[in-house]
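The next part holds the structures, each set out as structure tokens.
Shared between the two complexes below is subunit A, which pairs with subunit B and subunit C, respectively.
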Partner chain A sequence: MNLAALMIADSRFPGGGHVHSGGLEEAVARKLVTDEPSLRSFLVGRLRTAGALSAVFASAATRGRYAELDAEFDARTPSPAQRNASRVQGRGIARAAKRAWPSPVLTELLRVTPRPHHPVIVGALVGDPFEAAQTVAYHAVTGPATGAIRLLGLDPFGVNAILAHLSSEIDAVAAMAADHADTLPEDLPSPSAPGLDLLAEAHDRHHSEEVRLFVS
Partner chain B sequence: MAPLRLVPRRGPDEVALVHLVSSVTAPLGGDDLELRIRVGPGASLELRGVAATLALPGRHPGGSRALVQVELAEGASLEYLPEPTVITARACHEAVFRAEMAEDARLRTREILVSGRLNERSGLLSTTLDVRRNGPVIKQTSHVGTPEVDGSPAGLAGRRVLGTELLCWGEDLPGAVSEDWWSLVPLARGGSLTTAVADDAVTVERALDIARGKHPGSGDLF
Partner chain C sequence: MSADHVHPVNFDPTDPGHDPHDHGEHDHSHRAVRIGIGGPVGSGKTALTAALCRALGQSVDLAVVTNDIYTTEDADFLRATGVLDVDRIEAVQTGACPHTAIRDDITANLDAVELLEHRFHGLELVIIESGGDNLTAVFSRGLVDRQIFVVDVAGGDKVPRKGGPGVTTADLLVINKTDLAPMVGADLGIMTADAHRMRGELPVISQSLVDTPDAPAVADWVRAQLRTLAAVS
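Then we have the complex of A and B:
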């Protein structure tokens, strides 16, 4: 795996991803996630829906076409809270990448979309369709998994094992996504995540009314 | 014989009301259904279902498909309101609703999916909503019938019924309105989407109605 992919996937990467729980905090507040089995169910559902969508766009972004991908990702993300979370994280990665990996590709991406969606900038930086898809598919589950340790006090070793046991599922999603590297942006798959859409909007509502640990 | 009978209501109304009446048991595994709708400049059409659609398995493998293809000319309006689709055990159905609309056309489309009859496990359904108006408005594919996703808080959170309603009906609200199990959200490039999940279709319908009542265009709608 290339170093950019490893660095972006690292939770210590200064891209600001650590303040997002991907809907997990709201799921915990509603007691939909309370223990390791319910966390696993949350993560599998997230991986196959929002994770698969991000993976497909990361893979497609290795071929450019940034403006079309930006509009098509918007059309596949009905929740404004999720669109915003994706752009905020994309912007965070851009800030780090301008210093770490300046390149004509990055300049072009930020010219076309100054606030790029998270999977699109990851695809542009990683460059390889499978590795780009794998990086964002992993990102789709690792943020909420870490969030569960902090919010529920779950055993870090148990949560780490859940992530490790998802590896074949993550690779399956990445392989599916890599097959779409050359698909026309408008024809890219569009898996919906009704639960995540509802959790994201509810989190946004509660975030402004009460104290929450995560931004999303 | 056409699997769907179109029954227009006679009368001098401004909006043409046509009921969709299923004249055979469909969709059955192996069926390939297609409905094309063109609403001309300035015309208004309301298409309503009369009974729930029951997706059933057939004798042959391969599942069933239904495509609704819509073209809306300048100033045209369409309300497409089929009754709920129930995905029975062993059914494998793929539904696609695709619309291309002019800049000032209006579209309302509602979909309610029920995973299985009471105490029945769900068959497999994938349904795609794909609407373009000089660029993409929305594209999303919902999958029902995969236990790992249906049971996940990210998917249907263990609920049996999923409802969505798209409104490209003039102005949208500037921000989202939501309760725990439904939300009405403004899309990125115009239009609004309501999403609701519940254990029964009546609750989902009620949530869609409440959400529609919050939309600025609801005065023109039922």
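Then we have the complex of A and C:
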């Protein structure tokens, strides 16, 4: 795996990811996730929906077409809160990338979309369809997993083992996504999770009403 | 090299080297000065922020970013005390890690600062108040130009000698709530002596916002920093 992919996947990467829980905080507030089994179920669901969507777009973004992919990702993300969370994290990666990996490709990407969706800029930076897809698929589950450790005090070894045991599922999602590297943007699949959409919207509303520690 | 100054040692044998006197790439002219206020929970960071807004708000174009872990509570406090317009306060969620948000991954705070700079073009000062944390918390130099660390006498007079990067390296250490010293059995003399011993030449201000609600000594220090930073930009 190339170094850019490893760095972007590292939780110490300063791209702003640590303030996002991918809907996990709202799920915890509603007692939908309370322990390791319910966390695993949440992560598998997120991987196969939001994670798969991200993976497909990261894979496709390794071939350029940034403006089209950015618009098509909007069209496949009905929740405004999720669209914003994706763009905020994409912009966070852009800020780091301008210093770390300046290139004509990055300049062109930020020219056509100054606040790119997260998978689009990851695809552009990583370059390889499978590795780009694997990076964002992994990212789709690590944010909520860390959130569960912080919010529920779950055993970090238990949560780490859950992530490790998702290895074959993450790779399967990445392989599916890699097959779509050359698919036309408008023909890319659109796996969706209405439950996650609703959690994201509820979380966003609750910001103004009660305590929330994560942006999403 | 002349004898009146030194240059940093370069340990990298592959570095082709550069002119140490070339400061061309550092340009502070197009952004507000950023001052961080950090310190343990309950030490009075928000009260100091409000006091600075009262003291400086008429003469300095300023805004505040708050990182309180309970999201909008600090922002609500500043709004309720009427010291700052609502749209000059941005609250940042820290993902349950206040020190990460000001030190290791400052993305959310930079987004908030840039949003305020975009909203108010003549902005001169952004005060970034961290969430309450422990003595190891410190602001990244990528986020702030200067930082103030706030401890209070009710936290115990041994806090300054415990040290930690906040106490030892902050540009200003504030020992807050001095009016409480007799009530909690804290020895102010020991606290200030320890603070100076731990910090060398770096300044220490003891204050009570009960006695001086507008924090005049800290406000003067902030004004001096604004002049200094404006001069180098």
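Methods note: the second predicted complex is superposed on the first by the 216 of 216 C-alpha atoms of A that agree within 3 Å, B and C clash if a C-alpha of one lies under 4 Å from a C-alpha of the other, contacts with A are read in each partner's own complex, and residues count from 1 in each chain.
In this text, a residue touches a chain if its C-beta (ideal position, glycine included) is under 8 Å from a C-beta of that chain, and two chains touch if they have at least 3 such contacts.
Remember, predicted model here, so these are calculated numbers, not experimental data.
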First, second, both or neither for A:P78, with subunit B first and subunit C second: first
Touch count on subunit A, higher of subunit B and subunit C: B
Touched partner set for A:H18, first subunit B, second subunit C, both or neither: second
Partner chain(s) touched by A:R115 [first = subunit B, second = subunit C, both, neither]: neither
Partner chain(s) touched by A:R46 [first = subunit B, second = subunit C, both, neither]: first
Where subunit A meets both subunit C and subunit B, residue numbers: none
Subunit A partner contacts - residues on subunit C that touch it in the complex: 69-72, 92-97, 100-101, 104-108, 110-111
For the subunit A and subunit C complex, residues of the former touching the latter: 12-21, 88, 91-92, 95-96, 147, 150-151, 207-208, 211-215
Complex contact set, residues of subunit A against subunit B: 23, 27, 30, 32-33, 38, 41-42, 44-46, 48-50, 71-72, 74-81, 83, 186, 189-199, 201-202, 204-205
Partner subunit A, residues of subunit B touching it in the complex: 128, 130, 135-143, 146, 148-149, 151-157, 162, 164, 175-176, 178, 180-183, 185-189, 193, 195, 197
